[in-house]
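See the structures that follow.
You will see two complexes here that share chain A, one where it goes with chain B and one where it goes with chain C.
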Partner chain A sequence: MTLLSCYKPDKTGFFRHRRLAGGYLVTGDTGNFDFLTDREFKDFLSGCVKPGSAVHARLRDAGFLGGGADVTALAAKWRRKNSFLFGGPSLHIVVLTRRCNHACSYCQSGSSASRSGKADMTRPVADRVLDTIFSSPAPALTVEFQGGEPALNWPVLSYMVAAIENRAAKSGKKVIISLVSNLSVMTEARLDFLLKRNVRICTSLDGPQALHNANRPFPGGNSHAMAVKWLKAIKKRTRGGAHGDALVTVTRAALSRWKEMVDEYVKLGTTGIFIRFLNPFGAAKRVWASIGYSAAEYVAFYGKALDYIVELNLSGKSSIMEHSARILLTKILTQGDPNFLDLRSPCGAGIGQMAYDYDGSVFTCDEGRMLAAMGDEAFRIGAAGPGKYGGIMANPALKSVVTASVTDIQVSCASCAYKPYCGVCPVYNYAEHGDLFMHQPGYRCAVYMGMFDHVFKLLRNKKVRGLFEKWANSKPA
Partner chain B sequence: MVKQERAVRVEVDTAVYPAEAVYAAANTFAGKAFVRLGIKRKGIFVVELGVKPGVGAAGLEGEFYNELLHHALRLKVSARHHALRERIVAQALVSAQLPQGVKPAAGKQEAVDAGLEKEIEKLLKEAESGSYKTDPMGIAVPWEKKHARKPVK
Partner chain C sequence: MASKNNKKNTDLSRFLTSEEGKIVKGDVVKIAAVLGIVAGAVQQAEAASGSHDNYFHNAGSAGTYHNSHGSHASHGSHGSHGQW
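Presenting the complex of A and B:
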């Protein structure tokens, strides 16, 4: 009862707290934080922190001490941290085809092996999709091509890239184009076309060849060899591979191979590695028993991989960066926000991103579209086309998702120390529990809690903090 | 406390822990246990935690009491700072609607502050009534409408 009985409300500002590494982590609404020992925490609660002491100065500077809150300054900080709320949907994910030549064990996109073009986006549909994308009031857009394997519909891909250039010039919007591809049908000519137009290329590389190819079977081909070949080609043609990026999807088979996985990326000379956990969507859900894992297993794996990456950096052996950690650190250590749509409140669905299926159907987000590919169209919010934007934004499903992803109204999020940095996914909740609201503590929540715990523990080390500040302030390629 | 196999029963005195803390702690445990809340007598909650498969029952009682304590503290902190936090968010939202970089002319600051104050009050009232029908940031307004140019004569 000591914590409760010693608390003097007038002596502190607002804070959330969490037991961490034998002490307490305290955080505030604008992402401010501090680590306190048990003794310091009790002194803080009771207003007995000695003025002039180092801990008093830290708590004062971070705004945790009571009295005289500067509302205008705090509001400005809050606004900057949440600036993503004020611009409209900026990420537009376009599925050019559902066809794919891979048979990935964890495929979440509802891809099919069909060779017919029935699941391809046509040019008229592409025009309608672009009408809606360019109706977004956001002054800066990212158009991300996905699939299936989007390059299998190369005619429409190249058509849209050129059309986006034209529309961007006419509207004055800044547009980043990104292609998410397994690179299996890449050619020199296609790469020329994409790089000349500054298209960013992102692929999957799940680690060493045996692991990658087991996760991502490519009938008649070697998926790993193709990915590596083209990543090297992109790196050669651009400054340090600034337009080529890769990400890892972690399966059960990878849990013990964190070192080999990181080494594979270091060997390739990539600037970063983006380690991602499996989500129980699509094919992954059907085979979860063989490729899935518990949150605790993933967190243990992630901790080892991140520790190893940190060790490589501190010893000067590599300057590779882990992108999941970079996203968390940007939220923790900077005044801004990386606008990572999964970790926002409300989440990015509808108001930060939209996903377009090959037939022009519009979804709140890519996860919503994935669910539709499994037969549930709960997150379909309209059809793309001229003059459709207003109707899409007024769709009740969109409003429900936005409301359900506000962390202030999730029972456990509201009081969680990681609330200023985290977010929930109503589509995940719906897929797992049939409810837009989070059933706490679910797998996704436990994974992020574990990742935050690990990152915060590492932040207590001065050398690591220096490295992490560098990551937090870096710009992704 | 009565322990059964794969189940833990905890009694909570609401004179010590507020009911809201009991609900919050129970929710936190919903992932690892099937939770049943009941009332033994006035002021005494009974919390039954039916441990889910793959979760150990050892230490669950202590964990629950710790969770209760932390939630009770969080409630106190939250209650104390609720109004101020609402005001900060309201001011952030209202000020985001103002054109950025526009500074009021000399002598106009007071009028701007009064206008801001009025808008904040309006927003807080809106939030109170739950009527979120407006689109103050214009995120549902299409680009072509927002940036429509007047036809050249």
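Presenting the complex of A and C:
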């Protein structure tokens, strides 16, 4: 008898399922999940799970059994999981300049075409950008400075930080300021200024020196040395380095060096490592043959790196956390949502974040802004300035992106067991497939499927589950 | 960087309404209606809850922040997408 022929829909609640690790993973829209053996899954489908058994209790409490679900509790959890929908855009990414002094393999921002000050944000434009940012109804905002290398436009960076403090005080909004920098032009005085104003600083650290510097050439300098020097300085001057963080961008050269990469972060004493995959479009696509990899290759690399981090934790050698896993685990194991903008339905574009180019142009998101830098302004939704917020939010492009990123209407997502935790990226779809909707097979989907598979497999181990519960409930620095 | 006079500006709404697209205008109306109902349900719940508990610690509507650099993947020139 096949599984389908024994299925009695009236005996089950709504669920999705996936074959995993010799059994079945069952998930629901609230994010509830359970692992079932083949036998248990068959009993579940046919309505033969024995009342009073542990499996019956688990399935009932998770809302997977027909008729007995606590709909009120499930609805409350669903609301909490989706509470981000009504907050308004809280992340505002500001490109202070397109200039950069690095020539990273996965980036073209250091191109000679952008070396002049003409690609810098001016103070009048900065004021207009702040007008729009503070028009957001979100009671708490994060302003993230990016580039290029944002510190190359220090006069406007320092001006905006001070202006944000003033506007936050007047508006009553809580604001976090974040600087994403290669730290190559950091000085003691600048660090003083930033830390006194609680600016969080993030840099790239792609692993050991040779790997990092191969990925991120710094003509006339040593990118790795500068990043490490200032990360150490930040750590020394703040409690546990709470205001300094680093990101890994994984290139082909890193695939076999997962252990060295993790060890580099452990050696630095960082609380976490944020391992991120390359996407095969834009500047990276042009050099994909030398720096890129398949989704399967990345998933294999990620699995090894995560296993090693787990091993370090369980053996007591380190308490380092992997942030990509932490984001997935918060979605899987908690009652809330980390509001990671790339993994939401709808995605965060426009309604969770906005990106501002140096000239005041407003985009749905960072990815949309980067697409414009390549000549396609499809995701431009207006210009920053007083009274412009309403028009920006009503822009047809924004509405289209929001509609197109609802996972319920993606053919592949609707029945996927990972739908409650995942999200699509219309900019990726547009750049890769010429459509706002997801096409299959797709690299991004395969990467996330592989990451979810690995995390769920690890969750079956009780010791690892304990560690992952801790990660999921932690607050990132 | 692309020159200003060589900019492309695609109308994204055509992806929602074109015949080869995934959904047609009628479906857009249905989706809007469903989202409206969902919005009402969630807003009612938010109003009823009065205050937010710790589960909301990083959700936008809870009055808290996107936590630093963990809120999205791109990070411009430091990004997994590279700078296009």
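As a working rule, the second predicted complex is superposed on the first by the 462 of 477 C-alpha atoms of A that agree within 3 Å, B and C clash if a C-alpha of one lies under 4 Å from a C-alpha of the other, contacts with A are read in each partner's own complex, and residues count from 1 in each chain.
The rule is short, and it goes like this: contacts are C-beta pairs under 8 Å (C-beta built on N, C-alpha and C of every residue); 3 or more make two chains touch, one makes a residue touch a chain.
Here the structure is a predicted model, which is why all the values come from computation and not from measurement.
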Winner by number of chain A residues touched, once chain B and chain C are compared: C
First, second, both or neither for A:Ala126, with chain B first and chain C second: neither
Partner chain(s) touched by A:Gly390 [first = chain B, second = chain C, both, neither]: first
Touched partner set for A:Arg79, first chain B, second chain C, both or neither: both
Contacts of A:Met226 with chain B and chain C, given as first, second, both or neither: neither
Contacts of A:Asp376 with chain B and chain C, given as first, second, both or neither: second
Touched partner set for A:Gly87, first chain B, second chain C, both or neither: both
First (chain B), second (chain C), both or neither touched by A:Val199: neither
Set intersection of chain A contacts, chain C complex versus chain B complex: 75-76, 79, 82-83, 85-89, 411
Contacting residues of chain C [partner chain A, same complex]: 1-3, 6-13, 15-16, 21-23, 27-28, 31, 35, 38-39, 41-43, 45-46, 54-84
List of chain A residues in touch with chain B within their complex: 1, 3-4, 7, 9, 12-17, 19, 29, 45, 69, 71-72, 74-76, 78-79, 82-83, 85-89, 134-137, 171, 173, 351, 387, 389-390, 393-394, 411-412, 414-415, 439-442, 445-446
Contacting residues of chain A [partner chain C, same complex]: 75-76, 79-80, 82-91, 93, 95, 98, 100, 102, 104, 106-109, 111, 113-114, 119, 138-142, 144, 146-149, 174, 176, 178, 180, 182, 200, 202-204, 245, 247, 249-250, 274, 276-279, 281-284, 323, 326-327, 330, 334-342, 348, 352-353, 365-367, 370-380, 396-397, 399-401, 403-404, 406, 409, 411, 426, 430, 435-437, 475-477
Chain B - residues contacting chain A, complex: 16, 23-24, 27-28, 30-32, 69-74, 76-78, 80-81, 84-85, 87-89, 91-93, 95-96, 137-144, 146-147
